[in-house]
Amino acid sequence: MSAENSDALVISSDPLHPANLIPELCRSFYQLGWVTGTGGGICIRVGDKVFIAPSGVQKERIEPTHIFVLPYPQPPPSPHTDRVFLRRPTLKLKESACTPLFWNSFDLRAAGSCIHTHSQHAVMATLLWTGPVFTISHQARQMIKGVRIAGTGTALSYLDTLEIPIIENTPNEEDLKDSMAEAMVKYPNAAGVLVRRHGVYVWGNDWEKAKTQTECLDYLFEIGVKMKLAGLPTVLNE
Amino acid sequence: MSAENSDALVISSDPLHPANLIPELCRSFYQLGWVTGTGGGICIRVGDKVFIAPSGVQKERIEPTHIFVLPYPQPPPSPHTDRVFLRRPTLKLKESACTPLFWNSFDLRAAGSCIHTHSQHAVMATLLWTGPVFTISHQARQMIKGVRIAGTGTALSYLDTLEIPIIENTPNEEDLKDSMAEAMVKYPNAAGVLVRRHGVYVWGNDWEKAKTQTECLDYLFEIGVKMKLAGLPTVLNE
Amino acid sequence: MSAENSDALVISSDPLHPANLIPELCRSFYQLGWVTGTGGGICIRVGDKVFIAPSGVQKERIEPTHIFVLPYPQPPPSPHTDRVFLRRPTLKLKESACTPLFWNSFDLRAAGSCIHTHSQHAVMATLLWTGPVFTISHQARQMIKGVRIAGTGTALSYLDTLEIPIIENTPNEEDLKDSMAEAMVKYPNAAGVLVRRHGVYVWGNDWEKAKTQTECLDYLFEIGVKMKLAGLPTVLNE
Amino acid sequence: MSAENSDALVISSDPLHPANLIPELCRSFYQLGWVTGTGGGICIRVGDKVFIAPSGVQKERIEPTHIFVLPYPQPPPSPHTDRVFLRRPTLKLKESACTPLFWNSFDLRAAGSCIHTHSQHAVMATLLWTGPVFTISHQARQMIKGVRIAGTGTALSYLDTLEIPIIENTPNEEDLKDSMAEAMVKYPNAAGVLVRRHGVYVWGNDWEKAKTQTECLDYLFEIGVKMKLAGLPTVLNE
């Protein structure tokens, strides 16, 4: 089967098929301001197949036929192969520059989906929390409880302090792979990784969990930023 | 009739049937930022039947068949029964953790509908009003007059000061039931109860009144927060 | 012809018929935050007929059959008549409390449409401009030029300073009629009247002009408030 | 062929035809707050034809038949001709006052599309950056990389400082033509030109590039304004 024309992998009448979900979710993320100007996106892994949107395109106008499909895990690299695909769009589209970072969530957390946003709430959080971690506590119980330990485990307790590591930005997205992986090892309970002046990566067991956790975290970044700017404490001691 | 498959309670071609309204309204609340990340929601009581959305799901993607139906009032508790249902979704869905709080509005106010939001305006109001009550006066007459005394009585006058009690948050949503009830007794005229760092509960005689009162209160929380942050007084003496 | 069942006045397949436009525009105004919680609205006058939405309803859910139609001008008042209608909805709906204020725009400016919003930008403008008038200059030329002298005349010049009078709020909407009329006489060039802690009335020759002028003014209130809060001057001397 | 009725130039079943795209994009820009109150818009050039929306109309309600088509380049001016059109709408519509400014992007950058917004983020940026240029660095790599050198060249590097010149506003839009052209010559790498207290012009090789670059720049204006207001530095030295 040629990777170039295997449309069967992305053509489905099921609205919950990953190739249909990714365009729909990206349109919704565009409304939320998460994927402005071609940035950001979502990947979905179903068993041994990973569905990823192309890079550098208007995320609110993706079609199912634009989706890349990759095998998971990837075959061992050889001198002759770079990344291996089950399907590439026939259009001249590039794979997402986020691919190596999404892969971290599969390799280190067995995630089923990973979302990357450029939400201004996430970016402002990385500017106002100048250290290596964003912390907030006692906020909107359901928001904190909506976040799972390590992104894929049990729900946090309202009495836990939420911690999301912040890594430094780099000129090329691919170069974030190692520092993201390090942060995931150092903060094994974190459901996401912030990138300074850039955005956030959040993962979950499936697309629903990845999406709702991204919403919870984005909510917490937003309210945290508002609290900081209003001079309110964001972590309480009890 | 088995509670597990009584779909007739939630299948209707009438767009104003509660099982159709709840999904539609939740989609609209999602756009308003009230039910981000699975939190928040609405219940509707019609006579002796209460319709409630499930817990922990994406509120903008609820289907009528996801709706729980409970009898009102509930039969007296026994050692063998917990809560009694007229219908449970066949999918593995949990009933809303807000159920006991929604019940307060039925028992203490004879409400026909109750809404819970995690609106950031409500949360910020509870952070900037550090005492047990949010107060504002002389604001947008129609907003204050849109709120009814006790949520189900006659309209407030523009010259009244609006008061909404603020209760403290707890690790589990269910544990708010008693403090919410206490606040409703102590502030018999209030149309809602704020929960610190969490959100708000608002009720009304029916879903329209609950919804428009939630909009009016949310508007007043928002403008109140803006006024506080701008150093403007929120209560005038005349 | 009975005023109770003259549906022919509001049933039309033309999307630009006032009875179709008012519901559509109100849905759009709801998205903009102008008519939250049943407040605000729009009336359209076509020749000797005035079309007005009902009071106290969800403005994003109005149907053509909810629309009131009144003759313009009204017959002289008599001991037996209050306001005269060409059509009243058969549902139990009240006419808009804004009716006397909308009438000011017809009587004093020969307007063809008048819009009332509770936009928070308008309200904040009346709180930060504590005197009897909101002023701004040299802002977004097209925004200022989008506003016409007296609402129905020629376009303002970019070099003009925009002035919108601010009247004080009253417990009942109807009581604003006289002070609004006074402000319109005192500021004959103004395209709208702000009401302190409440909102704004804006009129134009037709619904398009009323709507675009409301957008221009709302934009100017919003940017004016941002400038004030940032410590920037809102009127320049050249 | 009469310029008055050459509808063939704007009637097409292809959703990507410029006469279909312009109305659709303008509706989307309206949602983003870019073209409030008739201001702003987009033009698309395909080879020797330029498609432009009319002036002074509600930009979210444009129809394909409202579109003007002009030849590019324009024939040399003569005492008898002003601007030359391939098609004018039969309705009484005026050509966009932005036409001479859009032309700058064709003449000086060989652009295929140019967008003008009145975004409040752009306006606030011109108020907080009081000098002749808006600068920001190290922000949201993908946002900066989403902007191309000169608007039509290669992508900026994350390590580049983004510079967008700011020109002063004038009473008439047409009078901005020369100062915009001067700024484009003086800042040959800039992908857009800000106009003080007014908005921004952004261009690209085609409508997709113009749109995504406008989104990237608008994002950078927004985050830049937030940073300035929070007292954060917007340019880092490394």
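All chains are identified by letter, namely A, B, C and D, in their written order; residue positions are counted from 1 within each chain.
Keep in mind that, in the parts below, a residue touches a chain if its C-beta (ideal position, glycine included) is under 8 Å from a C-beta of that chain, and two chains touch if they have at least 3 such contacts.
Worth saying up front: this structure is predicted, and the values here are computed from it rather than measured.
Distance from chain D peaks, on a Cα-centroid basis, for B.
Distance between chain centres (mean CA atoms), chain B to chain C: 32 Å. Between chain B and chain D, the centres computed from C-alpha atoms are 45 Å apart.
Within chain A, not a single residue touches two or more of the remaining chains. Because contacts link each chain to exactly two others and close back on themselves, their graph is best described as a ring.
Applying the touch definition to every pair of chains gives A-B, A-D, B-C, C-D.
Those residues of chain C that touch chain D in the complex are listed here as 138-143, 146, 157-159, 208, 211-213, 215-216, 218-219, 222-223, 226-227, 230, 232. Within the complex formed with chain A, the chain B residues making contact are 36-40, 56, 58, 118, 120, 123-124, 127-128, 169-173, 197-199, 229.
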